[in-house]
Amino acid sequence: MEALILELKKEIIEVLNLEEIKPEDIDENAPLFGEGLGLDSIDALELIVLMEKNYGIKLNNASEGRDIFKSVRVMAEYIEKNRTK
Amino acid sequence: MDVTICSYCRLTNDKVVVNGMEIPIQKTEGPWLNDIYRSLKISYPKFFKMDNLSKAGFLASELLLKDEIIDKENPKKDISIVLMNRSASLDDDRMYQETIEDKNNYYPSPAVFVYTLPNIVNGEIAIRNKIMGETSFYISEAFSAEKIYNVAMDAFSDESISQVVCGWTDYELNKCDVLLLWIRKENQNGIPFNINNIYHLHI
Amino acid sequence: MIYQLSDNIISSLGFTSEENYAAVKEGVSGLKYYETAFDLPEGLMASCINDEALEDAFFSIKTKSKVLYTRFEKAAIVSAYRALEKTNINPAGDNVLFILSTTKGNVELLDRNKSKQYESERVYLWRSAQLISSFFGNPTEAVVVSNACISGAAAQITAMRLLKHSAYDFAVVIGADMLSKFVISGFQSFKSLSTEICKPFDKNRCGLNLGEAAATLIYGKSENENLIPEKSVMLLAGAIANDANHISGPSRTGAGLCIAIEKTIQHTNIQDIAFINAHGTATPYNDDMESMAITDTGLQALAVNSLKGFFGHTLGAAGVVETIISGKALSDNTILQCKGLEIQETVCPLNVLMKNESSNKTHFLKLLSGFGGCNAALLLRKK
Amino acid sequence: MNETIVVSGMGIITGLGYGKEATITALRSKRSGIGKMHYLNTIHADYPVGEVKMSDEKMREFLGIPADKIITRTPLLGIMAIKEAIKEAQLEEKRPRRIAFINGTTVGGMEKSEQYYPEFVNTEAYIAAHDCGTSCEAIAETFEGFDLITTISTACSSAANAIILGANLLKTGRVDAAVVGGTECLSKFHLNGFSTLMILDKEACKPFDANRVGLNLGEGAAYLVLEKQSDAKRRGITPLCKLSGYANTCDAFHQTASSPDGQGAYLAMRDALEDAKLKPEDIDYINAHGTGTQNNDVSEGMAIVRIFNENIPPVSSTKSFTGHTTSAAGSVESVISILALQHDFIPANLNFTTPMPELSFTPVKDNVTKKLHHVLSNSFGFGGNDSACIFSKIE
Amino acid sequence: MNIYIQAAAQISAQEPMGNAWFQRPLRFTERYVRSIDPNFKEYINPMEARRMGKILKRALATSLEVVRKTGIDHPDAIITGTGLGCIENTEKFLTAMVRDGEMYLQPTYFMQSTHNTISSQIALHLKCNKYNTTYAQRGISFESSLLDAYMQFELGKIKSALVAGHDEMTPDYFVLLDKINYWKKGEVNEAVLRKSDSLGSFAGEASSCFMLENKKTDLTICELKGVDLFFNPSPLRMKEAIEELLSKHNLHINDIDVVLTGINGDKDNDVVYHQFQQHFFPETPMAWYKHLFGESFTATGLATYIAATAIQKQILPVDYLYNRTSTLNGLKKILIYNHFQNKDHALILLSSC
């Protein structure tokens, strides 16, 4: 689980071009949107691509992401449960 | 107001150019400015009393005004001399400082001290040509065609002034950088007096 | 025409224009004899700014600047600061132009012993001007006028021209020169210094005294009517002309000064002129020359004074200091005495005042002459 | 400078067919042009689209363009539409002195670029055809005598902005007539783009419906010929209608999403009304942008409510007929708005069943016959580029 | 009606933002020169910048520079000209689409690929709800933007406008355009470009931004007197247009001090400028600038920057003068003439004020 969280952090940094941020700067329990990292709806779409590309999880609707992208930990838990690759 | 450059003179460490034509100078082992003086066959013994800044400005003015002011005697109240440089009179200031630096060898020289003002060069040119209009000197960090243009044009705000000797006269640490312009208002001949042309004449 | 919006004088007589004027009106001179000064072999009669007072005044300006300023720069800054303080002008605005009038600036830094803490560029006048204007956050490049002893008048003429046709609304004209071994030894070598209080226009005048001052005049365009203080003085006209005679000595005839005066007063009724504040250095030649020019221009009946007996010759500051003091006198309906004068005698006789008089005339004429054969005249008027 | 600008001709090609006749017929019979994809080769063929049912070859044949001439689909559609517009305005027979052509497009020659990318082996000619300006030039060159051309590329509001520029060119007297509008073909590029934004509907789109999912892409072209009323009169042309007002504003809210209160849309409609010197109650029909995405329809709907309050005129989105013709949408829907005005007819908003809880109005479900005087057409684009045009009957 | 250029900013192959390079421009011998970028962190915070391609960062930085200089943070119009738009992001999306067969595509590249991303990002950053548009007409994209602004000033619709021209050149697009003879095949230098005896120029990038206003202030750099576009104009039409432009401002041919052209070393391109000069301005000094910046769809933005700077400084260094004369009658009026492939033509007239 912790390995997946770290992997996810690195992937998020890369795909969202969070140049100034290092994996250890991201609190896996903090909200990704709004307060925490301050991500927006386009980032959500990018994360949906990431989920499909890297873990084979297909989300059809942007609103589905809302619950999944609460925090890195929630994301990782969801991936563990649903991954197809 | 249309102002044109009737003649111009560029004086540097290796060249004397008047109205675009290089003047041949007989070089000797001696000081460059003295070589120019001799090559021009001017007879003005006071020249040798001058500091380098005044010498450089004086020589440039001689070349510049050669055909313009043949009459050196009658007062000319319609001409101003407005000059500018970077180092003021520091070249001479340093020489004077040497004369007072050493307590044991203290011999303040009035002949050197008298040149420790940049506007003395205006005075030398004025005396030589009996020019009795305004004489002003400004300091600028670097050559600026724009500033030269502005102060020269401002000289015409005195309505009795119809001609101005203006430009850049700098001499410091053996580096001579002079561009002198003879400008005239309401004159059709010559290069238009504008910033662009001043800038290019200095290159 | 441009208006004086504010002013300041830093001199041996005080650190405000008002203190200076009050002292002058009382007849107090700032000249003092120094047995030893500036590491020079001879004694000196001079008017010097009190070092400690200058340091205190500079210290009292809260600044974030980390620059180490020279004495010359400090005096100029304090003077400009005190003049600006009395106005609502934001010196950091790009409609404000600084004009510095000085003959020798930081020349004392040529003395290797005094220059160690400063960068080598510090001896350049433009560098001092940069530091002074940037102290106030001013974004525009300051103008430096260095026209020997007429610099202070030349700077005011420059201000008048620039305000007329440029976008600037205000010109902060600072005139400043400090005494140094360099300057004093030079004048001594000329044998033109008097060891006593100078005697302008006097039969027995025998030379000048040097002085230190930093003075500031803030000029504004006449459009800024509401900014103009009640007792403002305005600069109506000014001219510069050359003698074309001799680089260090004045013309024997006052030809250049005549031209400058004529140009300056050409549109003025002479009856309106309360007095002529002459250059009056108290050298034999200068004062004779001035008497001739005043006579040749038909002004010999006017009251004449010189302020050199109060301040000495403050070189690049003289034009600014003397314009301020004369302006205060004009507003005060007073013509100041010519301190030092005992027996008036010049080639052409003049009406030089030996004690203060009152006059409610509206104008005064300011004269200056300097090395290089330059002469300047300014005409000013009460608001 | 205050002279009335009129529309003296127009042309259109969309999924509804080629020409005004085909268009009005389809609208009247509520026959949508949205359906299965035929010409675009993509893995996303399951998305329904408003495709123009003509192959490139067919259009070349119709227009008499030789097979070896390099031309992409976007300008082909444009030429089809411009021909009709020029003919109606009689620009060739009764030539105005100077004529401008202002084209709106975003995709340009992308549909060929994506086919040959990245190598363009043996097809170098399509490299130059990639940029938007080339499409404009290709269309302009089919008609002798355009004096001034340019391309506007503000995504889905491009054609509306072309109308605005054309009107300004006329008002400042730079030209005597302006052919304005937009053209856009379907491309994999923007189909995939919209797909990544997850705003495409796998079914027919449902503008202003509570259960809307997203938009259907369309393609097409449409142009208006604009001129001053006095010039039309001089040329002996009876104008179709007036362009009485227009405005361009920016939502400045988000790169792709519209603000929840529709600030940009609100300002565009408000300023267009002001430009036309009309009051909200003067508007008889709003041809909405109404893409059918969650975001657009609530934003635009809120803006409509803010402007019209209680008195909301009939609203419909004809994207339910044509699909979203992106850069061409502004002129496609302007032509539809003018057809509505000419025929006193309000086209239906297809596929509507459930009112949106956020809005106090519902779109017109069925065709309505009604006397129309002033019609408002909205066109909004990515990046918050919001424009509105008002067309009015000449009475 | 008067229109003034109040502030200007540029990012190009010369030093960005400031003007120090103007009198000492860099010279190039490469076929492909990219712009020198400023430190974008001074303009855009990293969170905002992270999705932006080069062209967007340049656009935002130059815009913020003119906003800062003028204090106009809500211009009445934001208008961008860009020949190619955000080609870097377009390529990223296109490459991924072709490579991965329309799978796993990233929305960011798509949403920042459209041409109007530039104007809308500026509006977004400034929170400016006003007029906002984008022109993409190849070599006259910038002029189209300027014309739009000009007309709106004329119609009294606006009092201020931010007008910009931006184009980037990616390595891939450079290669593509190389295939169709946009670039010279051998070495490029001033002498080669001056010769104009072969096809092609060298590739550059151009970002320029101007704040226009209808009133003159202390900041004013120069006045925008006119801008006109022409499609396939005949010589007669061009003559007419020049006469109209001059007479509108009571000017004579001799009042034009310099004609600034888009001479770029391509023989087909340059001959048009030479003819233009011979026909219409035989006595007027001709200037060029593309030898110092490279060819770019919106290079005319840089031409405008140069002409404006020359008028402001009243200096046009000999580096820009094609016929190397340095004596000018003045620098009060500069006419910028640009054409693209002899189809799209444009005139811009700038004047001192």
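Per-chain residue numbering starts at 1, and chain names A, B, C, D and E are given in the order in which the chains are listed.
Everything that follows uses one rule, which is that a contact is a pair of C-beta atoms (placed from the backbone, for glycine too) under 8 Å apart; a residue touches a chain by one contact, two chains touch by 3 or more.
Since the structure is predicted, the reported quantities are computational estimates derived from the model, not experimental observations.
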{"item": "Labels of chains that are neighbours to chain A and to chain D", "value": "E"}
{"item": "Centre-most chain, if every chain is reduced to its averaged C-alpha atoms", "value": "E"}
{"item": "By number of C-beta contact pairs, the top two chains", "value": "D-E"}
{"item": "Approximate Å spacing (C-alpha centroids) for the pair chain C, chain E", "value": "52"}
{"item": "Chain B and chain E: spacing of chain centres that average the CA atoms, whole Å", "value": "43"}
{"item": "Distance from the mean Cα position of chain E to that of chain D, given in whole angstrom", "value": "30"}
{"item": "Approximate Å spacing (C-alpha centroids) for the pair chain B, chain D", "value": "71"}
{"item": "Residues of chain A whose C-beta touches two or more other chains", "value": "42, 45, 49"}
{"item": "Of all residues in chain C, the ones touching two or more other chains", "value": "none"}
{"item": "Numbers and ranges of chain E residues touching at least 2 other chains", "value": "103, 105-107, 111"}
{"item": "Every chain pair in contact, whichever chains are involved", "value": "A-D, A-E, B-C, B-E, C-E, D-E"}
{"item": "In the complex with chain D, residue positions of chain E that touch it", "value": "78, 82-85, 90, 93-95, 97-98, 101-103, 105-107, 110-117, 119-121, 123-124, 126-141, 144, 147-148, 151-152, 154-155, 172, 176-177, 179-180, 228-233, 237, 297, 343-344"}
{"item": "Residues on chain E engaged by chain A in the complex (per definition of touch)", "value": "46-47, 50-51, 103-108, 111"}
{"item": "Chain A residues within the chain E interface of the complex", "value": "15-20, 38, 42, 45-46, 49, 52-53"}
{"item": "Residue numbers on chain A that touch chain D, as the complex places them", "value": "40-42, 45, 48-49, 60-62"}
{"item": "Touch list for chain D against partner chain A, complex", "value": "196-198, 254-257"}
